[in-house]
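Okay, got some structures for you below.
Look at the two complexes coming up: chain A is in both, with chain B in one and chain C in the other.
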Partner chain A sequence: MSVYRWLDERLDLDRFNKKFMRKAFPVHHSFFLGEIALFSFVILVLTGLFLTFNFEPSTRLVKYQGQELPAAYVSVLYIDSLPFGKVIRSAHHWAAHIMVASVFLHLLRILISGAYKKPREVNWLLGLLLLALTVVVAFIGYSLPFDAFSVTATQIGYGIGKSIPYVGDWIAQVTFGGEYPTVHSIPRLYALHVLWLPLLLMALIGAHMLIMIKQKHTQPRYAEEVAPGKILGVPMMPMQISVMTVLFLLYLGVLFILAGAVIAHPIEVYGPPGTSTPALKPDWYFLWIYGILQMIPSSWQIPLPGGASITSEFIGGVLIPGILGLAALLLPFVDTRKTKQRYVELPTEHPMRTSVTVGLLFFFFVATFAGWKEEFGMTNGQLWAMLIFIPLAAWFTTYVLIRQVWGKRPADE
Partner chain B sequence: MADKTSTTRRAILQASLGAGLGLATLSSLFVAGGLKPKKEITPETEPPKEGDRFVVAEGPDKGKLITLDLLPLGGPFVLAWPKDPKTGVVKNGERNNLTMLIRLNPDEYDEETRKNTDQGVAAFSAICTHLGCTVSQWLADQKAFLCPCHKGIYDPRQGAKVIGGPPPRPLPMLPVKVENGEVVAAGGFLSPVGVIAGRSSAKPRV
Partner chain C sequence: MYRNDTIGPFFALLFSAALYLATYWDGKHIAALHGGKPPHEALSEGQIGLVAFATLFLIYGLIGYFSVWLEGVELRPGRHVPDPSGLVVALALLLAVAEAALGGFFVRLMIHHLTVEPVSPLAEGVVFGAMMLIGALLVAIYKKYYLGDEVLVEDEHSEVPW
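This part shows the complex of A and B:
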């Protein structure tokens, strides 16, 4: 306590506490998704710290048990041999999965409750940027162990970058250190994965949270009924902090049980990179792109002036995800209603927005399913029919259902 | 008078600030050019050229010089690295040099393709033109190459034309001859290897 008083006399901590530590947090379970993403980031940094101390970012060949193997691959084998090394590497991998999932679910929550509207456009844009960065950092993380799986996956990422007309070659070579794989590739991807992109993530997460504190949370529905126009919630100190600590510890426990029980990315199973391509599917959050890439026939080509052209890999790998991203970026500037700027909107009271979201989710599901094109013996025609009609049917059914079940309720405007 | 002085001062400050920032940006662009790594050509990374032999790239025969008896008639294909016969250097330092050698009945090839084969042996780049994976599977029933990444299928009998899946263009062919039973390159790849930056034209890059 005297330490606190000593610091308070010099730094005026009391004023800081009154200003920030009393911030009211609305209590609602769906509001924890962003926090889970934040916890994931913290754990990724901490486990990453351990990994960086032992990882060797190089593809030069070194002698290992009578074989010549890339140094990066050998150093991951070394990490796996350390006490709990394998579990920590596995936890790093699992936390990345959870981070991507929670960022996406957080986005869905914001989307279906209309919390992207004015004045929160900036945080919506920052959030989209954070989602994109999270996926990019996770993808680059794959490249680092330099095993057969990771080299092939990175090869595909390089190819997608390179397929962008005119500038693709430059972008891909700058990102992947030349015509992947070269001796420059792993050092460059390593720097991006452990230094520059995490710094950028930290800055953006900081901005995201400061803006949230400045603008305040959207209020859950009950707040509107209990105390209209007032901000309801528990203060950051001591209540929200306690809840967060419990959640964090719970998360930590579940993560490490999972990481220990299911070791992620066992590199000794994949082996060092060879000349043949291993049979592999990407991570779940890339499966929809993987599915679409297989559905686009080689005939889809649009020539551009100057010898460039829009090719199948550009359409599947860049154009379709790009269009979806652009639509998301534009959303708050299209939906400019001035209603419910302080409160969340119930999904059932906005049947069109909710049903379009459900339709989009089904688009992702069907595109993901297309990743098993060969296993299910599907033709492109069948898959395209499914990819167009199932999301439309899901959108229509959801819309009708919401109107039928909730539509008659008086909208409280 | 005082007004005029301060306006001039501001104009000079703005001009010098603008010029300074402009020059700094321009010179940083010059530095940014170095972000794209230099391509280092060594004997191991040189592209295949006329006269090169081939060695097996993987498996129990790895490193063995490829002769007719190593190539089963009717497939499957063999993955190979080119080898300079004079220096003995195996050109496995550049992934784009990975070549697939296939031996089929000479009558099976179409006219255009047959010109670049000898005694039924044909050579193609093993790097998928879709997203750069190694085309590493052989479909025995279709007599075709399959890239396992996104299921691109190429028909060797029609100059590795795409007969299924997403690849934008055929696998580049490498003309070969057979001399004393050894497979010899009769030239380099006839079109650019691998993914080309948003280009689909099959014109060779010189």
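This part shows the complex of A and C:
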């Protein structure tokens, strides 16, 4: 206590506590999706620190058990041999997957509850940027072990980046340190993965949270009856912090049990990069893009002036995701409201928005399914028909169901 | 989304179980396609996605139930003083002893890995994970039976953070 008093006399901690630590936090379990994403990032930084001490970002060949192998690959084998090393690497990998999934579901929650509307438009844009950045950092992390799997998977991303007319070559050269894989690729990707992109993520997460604290959460609807026009919540310290600690420990517990039970990306199974290309697909969060690429014939080419061309890779890998991204960016400026949004909008009160979201989810499911085109022996025509009609059917069914069960609400008039 | 009820967490746990089951069936299907034996001992890309969402739903479902237990379905302004029983004290003590024992065992595992032979990642992960889960339970018990509740009503125009 005397240490606290000593610090308080110098730093005015009491004022800090009264101002920041007494902030009221509204309570709803759906708010935990954002916290899970945040804790994923914290765990990724902590486990990543351990990995950086032992990983060698280089493709120079070193002797390992009588073989000449890339140093990056051998250093990952070394990490796996350390006490708890394999589990920490596996936890790092799983936390990355869970972070992508939680950011996606968090955005979905914001979308179906209308929390992107005035005054939270800026935070919606920051959230979209965070999702894109999270996917990019996770993708780059995949390339680092430099095993047969990661080299082939990275080549798919390299191809997509390179396909952008006029600037693609330049973007690919800057990101991958030249024609992938070169000796410069791993050091370049490593610097992006452990330094520049995490710093950018930290800055964006900080801004996202500061804006959230300033604008407050959208509150659960019942709060309107208990304390209309006010913020109803528990104080940050000690109530909210204690529940956040429970979540953090719970997450760590589940994550490490999973990481020990199922080693994500066991590189000794895939082996070092060789002359043959293993049969594989990109990570699950890219499977929908991969699926669309499978459905577009490589003969689709539109020549552009100056020798450039729009290729099938560009259409599937950049153009279609770009259109969806642009629609998401514009959403809060199209679906607007005049008054400040204080309480969550119930999905059943907005059947059009909810059903379009369900349709979009089915679009992602079908596009992902198309990634297994060869395994299921499907034709492009069948897949295109599924990609168009299943999301439409899902949208229509959801819309009719909501209207029938919950009726017409003033919000849709 | 009307109140902090258990509907969301219940379906999250249900989805989680379904997705873990789908991962298992997917593995069986992949093995069947390769004559009863999978091509290698790693999860497929689809299985990794399923497990990622299954784990996320599991964590979300669990913290959702914890939230309802610790914070209630609806907040009401004021202070609520807890009343811990002897049973709660005994349970907390038991968990603290288990935490300390697992901590000691985890250190022994690390030393064994360094000096004798590698320890299975499953043992390392389960022991460390169990320590964290017991820690979560201890903090939850502390919050429920010792910290009490305080619900504030705040003006939406505040000076925080600017």
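Basically, the second predicted complex is superposed on the first by the 405 of 413 C-alpha atoms of A that agree within 3 Å, B and C clash if a C-alpha of one lies under 4 Å from a C-alpha of the other, contacts with A are read in each partner's own complex, and residues count from 1 in each chain.
Following the convention adopted for this analysis, a residue touches a chain if its C-beta (ideal position, glycine included) is under 8 Å from a C-beta of that chain, and two chains touch if they have at least 3 such contacts.
Please read all numbers here as calculations on a predicted model, not as lab measurements.
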Combined model on chain A: chain C and chain B, fit or clash: fit
First (chain B), second (chain C), both or neither touched by A:Leu249: second
Touching partner for A:Arg120 - first (chain B), second (chain C), both, neither: neither
Partner chain in contact with A:Gly168 - chain B first, chain C second, else both or neither: first
Per-residue touch tally on chain A - higher for chain B or for chain C: C
Chain B versus chain C as contact partner of A:His92, first or second or both or neither: neither
First, second, both or neither for A:Ala227, with chain B first and chain C second: second
Which of chain B and chain C A:Ala24 touches, first, second, both or neither: second
Distance of closest approach, chain C and chain B, by C-alpha atoms in Å: 13
Footprint overlap on chain A, where chain B in one structure and chain C in the other make contact: 280
Contacting residues of chain C [partner chain A, same complex]: 1-4, 8-9, 33, 40-43, 45-46, 48-53, 55-56, 58-60, 62-64, 66-68, 70-72, 74-77, 109-110, 113-114, 118-126, 128-133, 135-136, 139-140, 142-143, 147, 149-156, 158-162
List of chain A residues in touch with chain B within their complex: 152, 155-156, 158-160, 162-166, 168-170, 172-174, 177-179, 181-182, 184, 274-280, 290, 293-298, 301, 303-304, 307-314, 316-317, 373-374
Chain A-facing residues of chain B, complex: 35-37, 39, 57-58, 79, 95-96, 98, 126, 130-137, 147-152, 162, 165-169, 194-201, 203
Residue ranges of chain A in contact with chain C within the complex: 19-20, 22-24, 26-30, 32-33, 36, 81, 83-84, 86-87, 90-91, 94, 97-98, 100-102, 105, 113, 210, 213-214, 216, 220-223, 226-227, 229-235, 238-239, 242-243, 245-247, 249-266, 269-270, 280-285, 287, 342, 344, 346-347, 368, 372, 375
